[in-house]
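Below you'll find a set of structures to go through.
Each of the next two complexes has chain A plus one other chain: chain B in the first, chain C in the second.
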Partner chain A sequence: MFAYPTVRISFLFLALAVAGVLVADIAITTANPWQDLGQFFLGVATPNFFSTEGLMTALLRTVAFAFVGVTLGSICGFLLALVYRSLPVRVFCAFIRAIHELFWALIFLQFFGFHPLTGVLAIAIPYAGIFAKVYSEILDEADPEPARLLPPGTSSLAAFLYARIPDCWVQMRTYTAYRLECGLRSSAILGFVGLPTLGFYLESSFSQGLYSDAGAMLILFYLLIATMPLWVRPKLLPFYILAAPFFLGEGLPIVWGNVERFFTEDIIPSPIRSGEGLAAFTHWFGDVMVTEALPGIWNTVVLTQIALVATGILALLAFPLISSHFGGPVRRTSGHVFLVIARSTPEYILAYILLQLWGPSMLPAVVALALHNGGIIGHLIGRQTNSLKLRPDAPKGLSRYSWELVPRVYRSFLAFLFYRWEIIMRETAILGILGIYTLGFYVDSAIQNIQFDRAMILILITALLNIGIDALGRLIRRKLALQTMPSC
Partner chain B sequence: MSGYDFNGLTASFDGERVIGPLSFSVQKGEHVGLVGKSGAGKSTLIRLLYDRLDGEASLIPQNLGLVNALPVFHNVFMGQLDQHPSWYNTVTLVRPFRRDKDAVRTLLRELGIPEKLWVPTAALSGGQRQRVAIARAIYRQAPTLLADEPISALDGPMAWQVMAMLTQQFATSIVALHDVEMALAHCSRIIGIQDGQIALDAPASQLTTADISELY
Partner chain C sequence: MTMSPLKKWLAAGFLALSAASSAQADTFVFTAIPDEDETKLVERFRGVADYLQEQLDVEVRYIPVKSYAAAVSAFRNNQVQLAWFGGLSGVQARRLVPGSEAIAQGVEDEAFETYFIANTASGVKPADSLDELGDDLAGKTFTFGSKGSTSGRLMPEFYLRDVFSKAPEDLFSRVGFSGNHTRTLRLVEAGTYQVGALNFQVWEKELENGNIDTDAVQVVWKTPSYPDYQWTIRGDVDERFGEGFKQKVTEALLSLDDPALLESFPRSGFIPASNDDYEPIRATAENIGILD
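Moving on, here comes the complex of A and B:
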């Protein structure tokens, strides 16, 4: 079995994760974790939709921010995709998408304050980077033959519109719709840093122990995402896009003096700002690295590796839930519901809820990341098994699972997993804002202490770490000849 | 221009020579049939000629090169994208102009598929797709045609009619055909390709099916 490189790499990652568990801080620290969890589920079972009038407004704001942010991101991403061959553009896109929406929001909050622009840009900027990459991949896959056959003298605009776009249109539309769903999740969690979306109300309900209110919000959020095919219609889209900017809320006005101060003073490393010279800067930088960056990187990497393997295990356990090779319609329907809930709950909200219930440690983060990402991969793999035709006398039950299905889907399973590696790391870093000692924790503390110079250095380091993991993931996928389209 | 001189045509795949070096010239008004068994290098030769002519010819490649997501009308209209300003082409993508619609419909009627004007080419049968590629080549109104098995998916009478149409619409043509009788009937000159070299070059009127079958 160890002759297969895919098996060897799997066990290598498993061993790394086990080693990670030994050194990681994994514990339940609250006095009554299961009682709290029970109360939370009771709250979801008895949702209270009418407690605050703010609930509907929050839902509306969540949708509005998602639409404006994703629209802006997709337009900019499309334009960037046209020049994606140029190396500076690729590096720029890799950089802006390596910084999580919440980090962007934290940055913009410092100088735009609670203005709608903060939320819109926090979504639009990283999404533009992602759209640029995926759109350019889709455009590259278009059949080059029709363009070759055009009469010479055809303008490049006409060539692009006729010979390139139509071939890619369906794929680009599907991907953009998927990103809109992601945008709703991003928009919801922006509330956790104070923007007027769902996360804000979820946090305040939780902190007051109003589990029924929180349950109502979660249920409405699932309904919003599950009914997307019904209300996101091509004919209605122009209407939504035009209307959305008017529903972002007023926020607070931008103080332009703050913007100027942020760029000319706040983010300049303090020794340079006060003119203490290079030696002081080196000392300052060393201090940031030793006391904040290195512990942050260590915890981020450890947590990412554990969460990655936990995601994989959960996905492998979960895919039979929706596979047509097992069980009856009842089991599959409940499996679908479970996976829909797991993948449409933003990992940040899952982690937040679990953290409230179990207390601060890496455990809630691992469970949240594994549930969300495992739900996504399990769904994709389960759907893939449905297209497999087994021989009529194929074994049943566990043997069917381990001998017939897993070997057939294992390569694409690994491809999805390594594709999500970078995404998991980005999320891991951000979960630090909730109090787990990953990079986000140190970024958040630096901002709390009004040390924006430190925060910017740490965000930069986070971005570089993500870019590194992304490159490593791609290298492994190439070495193992694993291929996926960016569909998750 | 009185014709084309092709000199020193060569092509290699993975370091292995598949065509030439070969040279020949084609006079204006000639209709050349390229024959030879599959793998002899006919398709590669057609590609080479297309590159040599710098796009100044209509090409019907074997894989047709249709944009599957677009309707038949737009695939045919693509033959004249260089004739109109960009705004005109862009508007046409959304809402075609009447005179273009009429012109394309007339062409499709001659090819027996007028009812397919607004059907996406992905939804057509092999023979219908081939006729769309032929319509696009004719619509382009280039003086010369390069075609690689343009009638392979058409049945008897339709194939005959289309070949007659092609030789009539284009002053000069070079067409790769596996159907030897069709080549003899519609072309004025036959070039036989064997192992990437010209093994036969004669006026069609001087040849019989038996002469050509030696190539196979």
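Moving on, here comes the complex of A and C:
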């Protein structure tokens, strides 16, 4: 069995994760975790939809920020995709998407403050980087044949529009729709740092133990995402996109002097700002590295590796829930509901809920990351098994699962998992804001101490770590000849 | 392809954004550090906004924020002109905004205290001095309030370091930041953390209202007193809202006597304050490295 490279790499990652669990801080520290969890589910079962006067407004803002952010992101991403062959563009895109939406929001909050632009850019910028990469991959895979059949002298613009785009259109549309769903999640969590979206009220209700209020918000959010196919219609899109900017709320006016100050003073390392010279800077930088960056990197990497393997295990366990090779329609429907809830809940919100219930440690983060990402991958490979045709006399039950289905989907399973490696790490870093000692914890502490120079260095380090993992993930996928689909 | 409609949408979007940004010119906006449950804060400060609007003859708006730093940044960025800060956030804000002034503090803020509280199951017993608690505290789990809090972080960390000559992470087995004082109380009461430190006014008020299970959590040590919360105003408000505006705001705050509103803080009244009152807080913050 170990002759297969896919098996070897799986066991290597499993061993790393087990080692990680041994050194990681995994514990349930609350006195009555199950009682709290029970109260939470009771809250979800008895939702209170009339708690906050602002709930409907918050939902509207959540949708508005998602539409404006994703629209801007996809336009910019599309333009960048056209020049994606250029190395500087690729590096630029890798960099902007390596920084999480919440980090972007925390940066813009420092100079735009509570203006709608903060939320719009926090979504649009990283999304542009992701769109650029995926659009360019889709464009590259377009069939070159139609272009060759065009008469000589056809302008390259016409060739692009009439020979390339039609071939990619469906894929690009599907992917953009998927990103819109992600945009709704991103938009919701921006409320956690103070923008007027759903997370704002969710955080308040949760931290006060008002589980029925929080339950109502979660239910509305699931409904919003589950009904997307009904209300996101191609014909209605122009209307939504035109209307969305008017529903962002007015926020507070931008003072432009703050922008200049942020870039020319705030983020300049303090020893340089106060002219203390290179030695003082080296000392300052060393201090940031040793007391903040290194512990942050270590915890981020350990948590990422555990969460990655937990995601994989959960995905493998979950895909039969929706696979047509097992069980009847009732089981499959409930499986679908479970997976939709798992993947619709942003990791950040899941982790926040579990942290409140179980107390601080890496455990809530691991479970949150595994549930969300495992839900996504489980859904994708579950769907993939539905297109497999088994022999009429194929074994049933556990044997069918382990000898027929898993081996057939294992390669694409690994491809999805390594594709999400970087995404999991990006989330892991951000979960630090909730109090787990990953890089986000130190970024948040620096911002709370109004030390933006430290915060920027730490955000840069987080971005570089992400770019590194992204490259490693791509290398492994290439070595194992795993085909990736950009729809994950 | 549909490039030109896309451009139109984009342009429309930016127009809408910039229109929104210029909509409200001279509203006097204030904020407060989110040190307690948000519902309470919103209720309290909407009352203050209504009161100030009546007294000042300008539109007054309160905006809730999610962190102490967000309150400081909004003040620094001139998106709010007045703020109810803690000792530390006030010092941070006034350092960043030259000309800004502490204009009023609560009667109780001249001599504020932090209470160390412990879950009764932890075995930590009340003591008169912090060093007597040393053996009890070692190896326990501990939570501060917000990272930027004076009574929930700065002062308790200062005394812990001062008495035990150790960083909190080295003294306790786990150190957390609950986010706010109410949360600290609930977490220690529930046993999520064995020990915590919080604003004494929050403790006293919750106790008075019967919201504390005194069989589960008790006060184990009280810090010496220090100056804390205050109203801080930007120096440029007179230019923007008219000559004498700062004086009017100060007088309005000092003469606030609505019992329900005062009770919501809870403060018995407001008295004059000055930047120099907070010198001890600045020194302490520099001492433990929160301020450069």
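Annotations
Basically, the second predicted complex is superposed on the first by the 488 of 488 C-alpha atoms of A that agree within 3 Å, B and C clash if a C-alpha of one lies under 4 Å from a C-alpha of the other, contacts with A are read in each partner's own complex, and residues count from 1 in each chain.
Going forward, contacts are C-beta pairs under 8 Å (C-beta built on N, C-alpha and C of every residue); 3 or more make two chains touch, one makes a residue touch a chain.
Computed from a predicted structure; not experimentally measured.
Overlay on chain A: chain B and chain C fit together in the combined arrangement. Centred on chain A, the angle reaching out to chain B and chain C in the chain A superposition, using CA centres, is 150 degrees in steps of 10.
Once the two complexes are overlaid on the shared chain, A:264 sits clear of chain B and of chain C alike.
Annotation for chain A, partner touching more residues between chain B and chain C: C. Using the contact criterion defined above for the overlaid structures, shared-chain residue A:399 touches neither chain B nor chain C, since it reaches no partner.
In the superposed pair of complexes, A:386 makes contact with neither chain B nor chain C.
By the touch criterion defined above, A:159 lies against chain B but remains apart from chain C after alignment on the C-alpha atoms of chain A. Of the two partner chains, chain B is the only one touched by A:151; chain C is not. Touch criterion met: A:143 reaches chain B, while chain C stays clear of it. Contacts of A:167 after superposition: chain B is touched, whereas chain C is not reached.
Of the two partner chains, chain C is the only one touched by A:114; chain B is not. After the two structures are overlaid on chain A, the closest C-alpha atoms of chain B and chain C sit 7 Å apart.
Chain A residues 161 lie at the interface with chain B in one structure and with chain C in the other. Against chain B, the residues of chain A that register as touching in their complex are 143, 145-146, 148-155, 157-159, 161-163, 166-167, 169-170. Contact residues of chain B toward chain A in the complex are 54-56, 59, 61, 63, 65-70, 74, 78-82, 86, 89-90, 93, 136, 140, 142. On chain A, the positions that touch chain C within their shared complex are 29-32, 36, 68, 71-72, 75, 109-111, 113-117, 120, 161, 165, 192-194, 200, 203-204, 207-209, 238, 241-242, 244-246, 248-255, 258, 270, 359-360, 435, 444-445, 447-451. By the touch criterion stated above, chain C contacts chain A in their complex at residues 1, 5-6, 9-10, 12-17, 20-25, 29, 37-39, 63, 65-70, 72-74, 76-80, 92, 96, 121, 141, 146-148, 174, 176-177, 179-180, 182-183, 186, 190-193, 290-292.
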